[in-house]
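Common to both upcoming complexes is chain A, partnered first by chain B, then by chain C.
== the complex of A and B ==
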């Protein structure tokens, strides 16, 4: 039964990772931009929630949409001001640019909020555990699974069933041809970037309880997002979703059964998977 | 006919420019001119060697890496462990650290060469993180978070004791930097170096012209790893301490900034960049010791957004004007 509890923990963890990284996979696939600063948006969302709860007394549940809107706005502004000039630059330039942003975010948050870990007070109805058929399941974890599951479902629906989604997929497949057909690729991208930043911010709030929140968050979880994106591929929603699940469960199980090797398993898993499938584990075959 | 022309071009590029003599002369003269700054000069020499290592793969072969600190760490731990358990001789430690890192480079090279830029960035980052986790987990060997303590070095060549002022340390690091620089200079101006640039600029055409890309890239990657290992060994020996910090991500990121400041693809970029970076770091650290990372980040962002072109353009214009002034004065009488 302990195993099932672990499995639920792993799924909840993976769900949060998916929400955090889903925006990254689309921006990477659409504009071929490597944005290592994605975690900074997640951190911003987390800190926004902490401040809103502590200073403004906002209930936890309202901090979720608030963090989403705030980070989405921040993403839209930064995309327009900072990111647009670097699309045409080399991958290396993009990496250095986004590492620079991460360093600034880490030091900036340290300056504003201090370097200690932040906590949030969950409302009473999210504390404690359920007992489902003898398996102890944390209420908050169940809440996260349901919420993120709905989000993933919504994203998948939007991506495959709407006009917006089909334009987006067309642009990811071949941006030049899509532009030739009159699809406004830049506007699509700006919107997706904002959406992805907002989702990262939302994931950041949900993750305060599960992943922890301190100024080193963007650096600590950078590799996790990258694993989700590279292993999951950039052309679907289900790819990153499955990759995030795999990563979440492997990480939770690894830390439980063999704690002494720490994060070793994640890095080893990533290197091995990248070697076996350089284009991602769930990449669509191009025909 | 073509062969002769290529040979002549390579020979011309190997010729020494007067400014190069001035640079190395100044580096040597610094021992007497700046006797109080020898410890930081030693750090600059080591960082320059580390930067030359990255320049070899990034500037000449076009291989991106986010985890070059892995080889610095391997070299540092190898040299430190040898000094503690086997022999305190500095040169033996240097050779051992260099070889250990070269071996690590050779082993990991197939992983790095596979895939595109994106997977390469991630695999190099993953490998350095793996090593960091390993060094942290095997605390009984590496000292874990406390670092590797108790390194004492024997006198260099049995003659020169390592002093507190860092005089021996600086001269030692400078000598190693100079010798390895000479080797790198010879290599990049050889047909081998030319073929690396061909692979960097157009891999498909290079392959069609019969350049064995995988073998060439493996060779230069191993060489670069060896250079980084030498830098790590120097770091461990001259500071007599190795901590997990040598494998940390910020080492690799700082190194990128060094090469951006100095410019990649001409070897001196690493040296000039290391000098500028350390001076900058020192200056910022005296103003805001705690948030110095913020300014590094800002510099990275500004450099990518166009500061690099402005800086390098300005420097080149100055150099051109200086050269014009120089040649006019020579013609005048």
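== the complex of A and C ==
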């Protein structure tokens, strides 16, 4: 029973990692842009939720869509102004550019909101935990699992089964031909980028309770996002999803059973997985 | 002719102004205050610098007819920067004393400069035991880790807590807390089980599950400021608060600066520390009221009181030496004793470390806000780690 509780904790942790990293996997895998500033969007979402709750008195549940929309809008604007010019640049330029954005975001939030940890108050029905057949499950963790599970399903369906998904994949594979066929490539990319940013913002809000929120958030969690995306591969949604689950569960279980080395389990697992599958767990075969 | 007179007068006035300015600059007693004003430890810098300004405003900023001038520098919490700033202050600005030092590495990096420059150095925050040993010019007005946790362990053992689990972040101060608490608790007849968690630890759930399995009578926690609230939320989320495990900690966990934002999860947490904004004394009431008024309602925390007392030690020392610095100032500060907002304190003449009361407190709601309410006092605690 104890093990099942741990499993639920691990899955919830993995789910938050997935939502945070899924946007990165979208921009990196589908658009081939390295955006290390992804965590900054997550942080922006978290802070948006904190401000909306504390200053405007919005209930927690409404801050989730609000943070999604706000960060998606911010993503769309920044895509048009800053990111579009660097699509064609080398990966090194993209790394330098986006890491610069991270530092600006960290300093900016520090200036505006202060460096202290931010808090949110969950509504009563999400606090505490209940027993399901003897397994103690945190309400909030269950809420996170259900919400993120639905999101993962929706994303996978959207990218593989809809007209939008197939157009996007076509635009990524060969932008010139896609444009020739009348696919609005620029608009597609802008929309996808905004979607990825919105997902990061949503993950940022969900993570405040589990991961904390302060101005160093994008730097602290950049490693975790990158681990999820590299282990999962970037060409699908299921890859990062399973990778996030695996890492979340391994991290929680490792810290429980061998706390002395708990912090390193996630990295050891990454090294082993990448040695076995250098392109990620679920990469498309190289041609 | 007229024009020339005018110019001459202007020149004379200018010269006079320069002379006055020069005399003032020469006469002012300069104190270099090095604090993390930006970056992750900015709240430390904000509290201490606000308290230093308050002290100078309240108690007057002149000693022996000379003005005290504080030069504030921001080291962003990076040891290299602290050291460079200290060197500039000592060599270029010729300061009489340096003060501040938000974290242990920052104080350790600067200690050799204090020795070489024969410049008194007042440590207002860093709490590791060895700091005053690293230079004979260091005087500390904050706290020492062992000074808080050793009496706390003895108090716990006396109050029917027989087995404790410690959960500390795996870094210097955390390991100090674990070591000193466990040793003292063991000596007092208790049993302590230790667990360390990574410093960068987003989710405490696996560690809390271990705590739930072990079912100790009390859980002693030491994690960096800020993460503490995260920890308490998860402690309550898992129902551990209702399982009979008492949450105990050093006062860092329920820091006055952030306590009120933590919400009801903090209620009932028992901590040991040297200062609470709710300390019941006329000195503290006046201090808290004046601090809040000057800083937009901000509540002073233990950092602020250390800065306030650090200034007091410097000013009283300078009064004794008639404004002279160097070794004379350090000697003048040794053995000073006064009533601080935190209670009666003194500077140990042998170790140059602070001697103060340690209070056992409990988080309660007072007038709509959360406060650490003191309910037991262990008087005049010296640093128990010395001579071991």
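To be clear about the criterion, the second predicted complex is superposed on the first by the 272 of 287 C-alpha atoms of A that agree within 3 Å, B and C clash if a C-alpha of one lies under 4 Å from a C-alpha of the other, contacts with A are read in each partner's own complex, and residues count from 1 in each chain.
The rule is simple: contacts are C-beta pairs under 8 Å (C-beta built on N, C-alpha and C of every residue); 3 or more make two chains touch, one makes a residue touch a chain.
Please read these numbers as outputs of a predicted model, since none were measured by experiment.
Asker: Please work out whether A:190 is in contact with chain B alone, chain C alone, both, or neither, and reply first, second, both or neither.
Answerer: After superposition on chain A, A:190 lies in contact with neither partner.
Asker: Classify the contacts of A:110 with the two partner chains as first (chain B alone), second (chain C alone), both, or neither.
Answerer: both
Asker: Tell me the contact category for A:92 with respect to chain B and chain C: first, second, both or neither.
Answerer: first
Asker: Contact-wise, after the overlay, does A:34 reach chain B, chain C, both or neither (first, second, both, neither)?
Answerer: First partner only, chain B.
Asker: Going by the contact rule set out at the top, does A:147 touch chain B (first), chain C (second), both, or neither?
Answerer: Touch partners of A:147: none, neither chain B nor chain C.
Asker: With both complexes overlaid on chain A, does A:64 touch chain B (first), chain C (second), both or neither?
Answerer: Touch partners of A:64: none, neither chain B nor chain C.
Asker: Contact-wise, after the overlay, does A:138 reach chain B, chain C, both or neither (first, second, both, neither)?
Answerer: In the superposition, A:138 touches chain C alone.
Asker: Applying the document's definition of touch, where does A:101 land relative to chain B and chain C: first, second, both, or neither?
Answerer: So A:101 only meets chain B here.
Asker: Examine A:270 and indicate which partner it touches, taking first as chain B and second as chain C; both and neither are also allowed.
Answerer: First partner only.
Asker: Once the complexes are superposed, what residues of chain A are shared between the chain B interface and the chain C interface?
Answerer: 110, 260, 262-263
Asker: For a test of understanding, state which residues of chain B touch chain A in their complex under the given definition.
Answerer: For this pair, the touching residues of chain B are 58, 64, 66, 111, 114-119, 121-123, 125-127, 129-130, 133-134, 136-137, 249, 253, 256-257, 260, 290-294, 296-301, 303-306.
Asker: Can you list the chain C residues touching chain A in their complex?
Answerer: So the residues of chain C in touch with chain A come to 38-43, 195-198, 200-203, 205-207, 209-210, 213, 225-227, 229-230, 233, 236-239, 257-258, 261-263.
Asker: Taking the complex as given, what residues does chain A use to touch chain B?
Answerer: 28, 34, 82, 85-86, 89, 91-97, 99-108, 110-111, 219, 223, 226-227, 230, 260-264, 267-268, 270-271, 274-275, 278
Asker: Across the complex, what residues on chain A touch chain C?
Answerer: Counting only chain A, the residues touching chain C are 2, 5-6, 9, 13, 110, 114-117, 119, 121, 127-129, 136, 138, 140, 209-212, 214-216, 220-221, 224, 251-256, 259-260, 262-263.
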